[in-house]
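Should a chain be cited, it is by its letter among A, B and C, assigned in written order, with residues numbered from 1 in that chain.
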Amino acid sequence: MLGKYIENVRKNAPLVHNITNYVTVNDVANALLACGGSPIMSDEPDDVEDITSICGGLNINIGTLNKSSIIGMFRAGRKANELGHILLLDPVGAGASALRTDTAVELMDELKFTAIRGNISEIKTLALGSGTTKGVDADVADAVTEDTLDSAVTFAKELAGKTGSIIAITGAIDLVADAESCFVIRNGRPEMGRITGTGCQLSAVMTAFLVANPDSPLEAAAAAVCTMGLAGEIGWSRMQEGEGNSTYRNRIIDAIYNMDGETLDQGAKYEIR
Amino acid sequence: MLGKYIENVRKNAPLVHNITNYVTVNDVANALLACGGSPIMSDEPDDVEDITSICGGLNINIGTLNKSSIIGMFRAGRKANELGHILLLDPVGAGASALRTDTAVELMDELKFTAIRGNISEIKTLALGSGTTKGVDADVADAVTEDTLDSAVTFAKELAGKTGSIIAITGAIDLVADAESCFVIRNGRPEMGRITGTGCQLSAVMTAFLVANPDSPLEAAAAAVCTMGLAGEIGWSRMQEGEGNSTYRNRIIDAIYNMDGETLDQGAKYEIR
Amino acid sequence: MLGKYIENVRKNAPLVHNITNYVTVNDVANALLACGGSPIMSDEPDDVEDITSICGGLNINIGTLNKSSIIGMFRAGRKANELGHILLLDPVGAGASALRTDTAVELMDELKFTAIRGNISEIKTLALGSGTTKGVDADVADAVTEDTLDSAVTFAKELAGKTGSIIAITGAIDLVADAESCFVIRNGRPEMGRITGTGCQLSAVMTAFLVANPDSPLEAAAAAVCTMGLAGEIGWSRMQEGEGNSTYRNRIIDAIYNMDGETLDQGAKYEIR
């Protein structure tokens, strides 16, 4: 039962430092507040070490990276590692540009991430590394479906084992794995893909769940994924005629705001493999 | 009939690269998703060429330009031109500062834009150029009204002829012109001016329409303007007592999300001069 | 009676230049439009002087400061002072990092602010200065409550006297002080703290109120605080079952949009000490 993990977020109100993209940053902040966390944003290299020091976790999202913020990511990440803080990577667009791929791979080489969350394409890119001879063998299809599920679960566990990070691959079916176990999660709605930023929101929310549940990182990460997906279902069920993706965005964050442990326990749809 | 042009956007799902301001970027992304396109944002000079290469069009908006993003605009624009991609300029604030005026004029000098969209003041600034002896004669009033319509239409066509770009001037009456023809569009609501970003959204949406309709750029650009204006009308018709500009913002994007070819055909109000 | 101060904003439609953080910037722009003002955002050092010159006021918010925007803050601030424009400081996160504290203190040393708005912790940090021997004695508790109100009022007045700026300290009880008088304001809802950006919005709105009411800066600043708090109450009263912080955000800005002088007169809850 995953409900207790969101209750812990509400009890502990973890402060999360976000180095994140400017596209979805407002929704990221409101989603963090909705789940019971508290957001701080800072990407200036000379500011990030102080800021991350007062937080419990750091969420690094490379969605609109630039030369300055990349320096900020490394400085903040090193400080977070040094302090034993939760550290999460959201490798937005890894595989779409050399800079994004290289930055994500170098961050993984230098830092120890508690969790890495992306779509299958981004995570495959990280697994392969920036060079062809590097990384695990990403013998996995380009979408996680019922047909490709077995190989995707194996891939997620292997990458978790290799990196020492929880691997969260989100899509039609979501996977959250450490080296031994993988949560296979079937919450969510396809219409969430018509809103910008649900993935970014999830990464920040997952960071808060990890901070508030230090003894159960795999379950906490899975609970965050179920919370986001279930919020997508609840938000959709409240849509009125004529409404579209902009209102849906609000309704999803509203559903996170109103989510309690019991709702999550009843609505979470997962199996462990 | 313009309805088919939005249907083509939904069929083709064009990926649009946006170098845009951080004020309205989230709404720009959601408006692109609402019309059937897909957004990517990147302004880092070392990232933009890779990103624009995988897209069908590039939307350059100078709303919160900085020294780094200006370099990114030129690099991405050259790459888009080289690849024959759709390229759109939104010269936010041209005329309000020397940096904005000079940047917009230099972008126009160096790059070939498929379309340029702004308000009458911005477009007049571009027509005059940064020096007094340069550019076409902008003998046009400061607002497009029924009284000034004839000279504004002539101005738009002449600037389109001179630049080789479609010129879209939006305001109470919208004009979309190439050298020969000008759509005069009377969709929209004055209350749209009380929301930040409807112009920025339109520029991104227009880029998607241009990518998805390569053989009819003038009609595609006009269809984008009608879509935005009609969404403003539909959104306004759904407003409840006590609601204001923040909810109106959502309702407009929602109306784009629900817009189909038939609705656009029935609601578009335009003549061709 | 404070209602006339918002009526003046609607009459004068002040243009406000914002150097503000990218987290809440869209809401800041829409809140400014909602109250009757007009926003421009620019942080590029080579752009800010031109932009601030065409505005009536400048709102400096250090929420996601970086090396470039800090230079922009000083350049724009000097220009605003030179032109006799309204100038407001929102020292987001002062006390949370050395860079934020130092930047805020240096801005105060070099520039003459019409008003400074922050929470008690940020304002105390400014009062103490970056060195231990500097600044007024901040013998004030960490929250403004009925118990600590007397000392907080004294603190606010003293800091206003020392700096020559209106001091606005917002929290459960809001204080707006010059050297002689302090408005003690009890509008607002605790749930506003579960939305990102209500403070940032208030700073921008306050700038607009100050521009539109040059002869009554203390009353104008207090009216802005009452407007924001009352909008929070009205927005909350309109919440439906299942709604949360994202919809509440919209409802607050909507309530600002619909606020008139009579509503403000009837709803403002304050005393003057």
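The criterion applied here is as follows: a contact is a pair of C-beta atoms (placed from the backbone, for glycine too) under 8 Å apart; a residue touches a chain by one contact, two chains touch by 3 or more.
Computed from a predicted structure; not experimentally measured.
Taken as a contact graph, with one node per protein chain and an edge wherever two chains touch, the assembly is complete, since every chain touches every other chain. For the pair chain B and chain C, the fraction of shared interface numbers is less than half, so the two copies use mostly different residues to meet. Computed centre separation for the pair chain B/chain C is 34 angstrom, with centres defined by C-alpha atoms. Shown for chain A are the residues in touch with two or more other chains, namely 22, 26-27, 249-250.
The residues of chain A lying in touch with chain B in their complex are 21-24, 26-27, 63-67, 93, 96-100, 194-197, 242-247, 249-250. Residue ranges on chain A touching chain C, taken from their complex, read 22, 25-27, 29-30, 33-34, 39-44, 46-47, 50-51, 54, 68, 234, 238, 249-258.
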